[in-house]
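What follows is a pair of complexes built around chain A, which joins chain B in one and chain C in the other.
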Partner chain A sequence: MSWLSSFWRQLPMRAKVGAVLLGIFILAAIIGPLVASYAPGYQNPSPSLSLKPPSAQYLLGTTQTGQDVLSQLLTGIRLTLVLAFLVGAIATALSVLVGMTSAFLGGVWDEVLSLITNVFLVIPALPLLILLLGYLPNRGQTPTIIVLAGLGWQWGARVIRAQTLTIRNRDFIAASRESGEKTWRIILFEIMPNEVSLIAASFVNTVLYAIGASVALAFIGLADLNSWSLGTILYWAQAGQALQIGAWWWFLPPGIAVALIGTSLVLLNTGFDELGSPRLRASRGSARIAGHRVWATDPTPVLQQLIGSPGRVYAFFHSFSRSSLLDNSTAGGELG
Partner chain B sequence: MSFLVRRLAFYLVAAWVALTANFFIPRAMPGNAVESIMDKFPNLQPSAYKAIEAMLGVGHPGSLWHQYTSYLDDVAHFNFGTDVTNYPASVSQVLGEAIPWTLILVGTATVISFLLGTGLGIMAGWRHGGFLDRSLPGLMFLQAIPYFFFALVLVYIFAIKLHWFPIAQGYDGETTTPGWHWNFIASALQHSLLPALTIVLTSVAGWMLQMRNVMITTIGEDYVVAAQAKGLSNHRVIFTYAARNALLPQLQGFGLALGFVVSGALVMEIVFSYPGIGLLLLNAVTSNDYPLMQAIFLVITFAVLIANLVVDLVIVLFDPRVRARGTGR
Partner chain C sequence: MNPILEISDLSVAYRSAEGDVRAVEQVNLSLHPGEVVGLCGESGSGKSTLAYGATRLLRPPAVVTGGSVRYYGNRITQGGNPVDILALNKKELHALRWREIAIVFQSAMNALNPVLRVQDQILDAIQAHLKMPRSEAKEKAATLLDLVGIPRARLRSYPHELSGGMRQRVMIAMALAADPEVVIMDEPTTALDVVVQRDILAQIVELKQTLGFAILFITHDLSLLLELADRIAVMYAGRLLETGTANEIMREPAHPYTRGLLNSFPSLRGPRRELVGIPGSPPDLRDPDPGCPFKPRCNYALPSCSEVDMTLARVVGAPGPEHLTACPVVNRQEVLS
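Moving on to the complex of A and B:
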């Protein structure tokens, strides 16, 4: 496990924060439904328990029909995360397949696959998703996952193709080809290990896209509304006029959960970026050199001028003195 | 010019793919659109089946090829059929009323957000590690919030609690009617402020982060150091040397991200009940109004394609390398 701890120490701060945050939500997805005190759909019959603000018994309050918001949230995180990770896995596999095939085979294959990738990139995904899901008679999990994955692979494919193109021309690939390795072996064991970080980044991005899209789709009602996900909680909150009533405890928690999951993924990804290119790392900002703020992008300060900078009044009188004939700066000094 | 010709050809292909997908989706989907409409309205007579078929364009006589060509012909004449929900009105009429709202709101807000984000990104990249740069993680949180949820929060705070802005709608229907008079424009402006703020706040961080990253790598280039060594003013080095070159990837990103921004803005419109394309799309989805859904998909796709073409034109304007490649070397 020592490589794991050394890997952890290498990670930039942002990636660590992101990983911990995401870990909390994954934990909630695993144990959430088990520790929830009520069934998410359980409607408390007592009318006094409808639309209650947060209290000791209902930590996040209740909905219009007396359902416990916290239980809904704990159940909903699982469904949203499972869907997003499945979409991420399928779409990333697709993008690896398309990107590598396109770059490795070259020629007509490359032209055709690149064209398809670019067309998918430029056609806006959400309206097409809405159209596809709108036509589906049952809007369960599986069709949603298939449709989301089918429209989410293009970004990864583009990046992986570009990276494969540069790796393909390196000497070690030529060497393994000369030594008679089979194409699938070259792809799997020579090229793939060099792209692990890229594939991980595109997986994280696709999960981010899947969460955003699935929550938005559920919010407009294009999901299985009998299931509990973060999106469907928001749908019911909107349908129950939570906003107009002022029931902030109903629509704020699921939205904040989505935002926090999203933030953790963005942080992870920028952390990965910084790992790859150290220049992007957060620098310490400006330094103080001889009383002047100097930034990394400023030209190197010439210290001699900075140290002896006298005040304006002193310089004015000094210019009349005999010793002023010894220095060649003008009265007042430019740096004064 | 060959760069532009190639891009134009690509957009034509993309447009054709969108058109063809739009034609085949209703035919390939499991389940029958006509039957699902019949289920939705149980008081329809069975004799209405043929009428709905004709309305959706699925019951066209003739071969698939014949249907396809007549479909293309219809689209070319902006003839998307009759609307199911607003019955006597045609789909293009309904669309025509909604498009200006979305175009003005989402278009303006996106451009503002892009310019603001790029400007802030230049500053954050230049003063790497400075105040702006350190505020980025906070901005990332804003970026990760779904547009519509951020809209919900803004409405709750500024419209319901503080009463600074109207809660919903594109204009106040009780005091004014649409038209070119001051009363209406003021009302529309007042109603568009909060939606515009939502788009700007949620998307600005994305532009900023991208521009910052490109700026940081650009500033490390030798020619920037050379410019500084020549003693050029900071202002000049930032804008004419570093930012000008850093802007190119940013512009390309703008074209690709546009689909996302527009999609997010569409869902946001629903929260504000803003009378644009997004609300229309929601109504189409809830009432199974398939012709309208398809027309909206086409309109949005074409808008994004055209915007991408404009971005390409700007890139040609900015990047002499693209022009040089075009004249053939």
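Moving on to the complex of A and C:
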């Protein structure tokens, strides 16, 4: 566990923010349906309880049919996240498989796999998704996951192929081949660790794409509308003309949730560069010396100066104060 | 005469989770115009940290924990007070670096950019520090190559088309691009064979005589310094143990460590003798014992060695005023055999 805590300390601030934010949403996905006070689909028959703005009883208000928006949200996050992470895992596995095989085997295999990758790269994903899902008889989760994963691996494959090509020709690969390591061992233990950050970043990007695409598809009705996901909440809000009648509590919370999940993934991604590169981790940015942040590009800090001078933020606010005038008078001593 | 660069009581430490590694501890060293000062010591003794710390080129977690580095160059001071390099800001440091204090880095292999022609790299150095039209700068680049003995036609070459010795000469030419007053040479000949090494050292001495800059020459090769340097400073575990003219160090080394170094390479003349190394290894700089850092390995160590404060004092009985050592044993004029 100690390596985990030391790794956490080395993460840049923005990656930490992203990890915490994503953690909150994952927690909501796990316990959300259990703590929701109402069944998300429960329609309150009393007309006085429809389209209520947020109140103590309904923290995020109610829909046109008297459903609790908070309960829908807590239930919907789970489906959206599960779908997105499944798509991310499948698509990343595909891209690692295709990218590494084509780079490592080379020759005809490389030609064929590269050709397939390139074909998938030029296919416009969203229109094809709409077409496929529109004509599929069964609009459940599974076909959506398969179609999204099948259309989301090509970018990762392309990048991983390029990286594998450069690593394959380095000396330490030649050395391990010379020392008799088997091909699968070289791929898994020599090449893979060099690409951890790349694979992780590719995974996070695919998850991001899956969230966007699945919400968009549900929004236009190409999903199982009897299940609750962030996309279907938005679909029903749009169908109930929430925007026109000004029921902001109906469409804003799921919208903000989608935006925040996306933001957390992007922030998290910035931490992955350092995951795979010990050198980057060591030389990144700054050190804290005598309470001051010192960057690698700064001149070597001098301890007496750091102790004698206030921090930059302090100096900025101090410059507005009356006592800062006194500082200047001591600096221009030759006048006195 | 005033020195050109005066390092006093400089201490540099590397911050780490287990505490400060005190790589340079209260070092005093001055460099006079036109002088070659050799800084010698084994790997990890802090010689590079001293030079880079004094010019503030070290990255954090390195931090200068004390002392001052005064620079007396005329272009900066205009005959007035010296500037303290440790008090300069980023902009002032930019004006000082290369123009006043230039550096020849350790491995020319890595210091030259492999995708740029030699000419462009020298031009970069010139135009970053001197204001002159491009045609003039090109002429200056060609003159610089003349100075270090490389044909002008090589301006259009890429670094990989040059030999190791030529690359090192290009590095020296680049260091001289802005007519610096001080050139710090960090093991400039370490990766080269002795023949090329000798050529380059001869070139450096010649350039120094024509252009008149001062050199701080860092190396672990004491025999090389005996040839090249005017004065030699011997460093061990972050401290200076002995300074003196090359002659004094060679003929009458005072500190037992210097003696050990001199005994560990064969001399060309005289009877054959058994080479004696120095047993043991350097101390941990994280938590140094008080007193002389060389004590655990020293044959002449006394109990009082753990209390000595390591300031340099004149060697008793030395003919010149510049032969200083921190060793209490020598200063008490005990007979060393």
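Quick note on the criterion: the second predicted complex is superposed on the first by the 271 of 336 C-alpha atoms of A that agree within 3 Å, B and C clash if a C-alpha of one lies under 4 Å from a C-alpha of the other, contacts with A are read in each partner's own complex, and residues count from 1 in each chain.
Definition applied: a contact is a pair of C-beta atoms (placed from the backbone, for glycine too) under 8 Å apart; a residue touches a chain by one contact, two chains touch by 3 or more.
This one's a predicted model, so the numbers in the text were calculated from it and none came from an experiment.
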Contacts of A:130 with chain B and chain C, given as first, second, both or neither: first
Chain B versus chain C as contact partner of A:240, first or second or both or neither: neither
Broader residue contact with chain A after superposition on the shared chain, chain B or chain C: B
Which of chain B and chain C A:118 touches, first, second, both or neither: first
Contact residues common to both interfaces of chain A (with chain B and with chain C): 283, 286, 295-296, 298-299
For the chain B and chain A complex, residues of the former touching the latter: 10-11, 13-14, 17-18, 21-22, 25-26, 29-31, 33, 36, 126-130, 133-134, 137, 140-141, 143-146, 148-149, 152-153, 155-156, 160-161, 167, 209, 213, 216-217, 219-220, 228-229, 255-256, 258-260, 262-264, 266-267, 270-271, 281-282, 284-286, 288, 290, 293-294, 296-297, 300-301, 304-305, 308
Residue numbers on chain A that touch chain C, as the complex places them: 283, 286-287, 289-290, 294-296, 298-306
Complex interface listing, chain A residues touching chain B: 14, 17, 115, 118-119, 121-128, 130-132, 134-137, 208, 212, 215-216, 219-222, 234, 238, 243-244, 246, 248, 251-252, 255, 258-263, 265-267, 270, 273, 277, 279-280, 282-286, 295-299
Chain A-facing residues of chain C, complex: 12, 15, 52-53, 56-66, 86-88, 90, 93
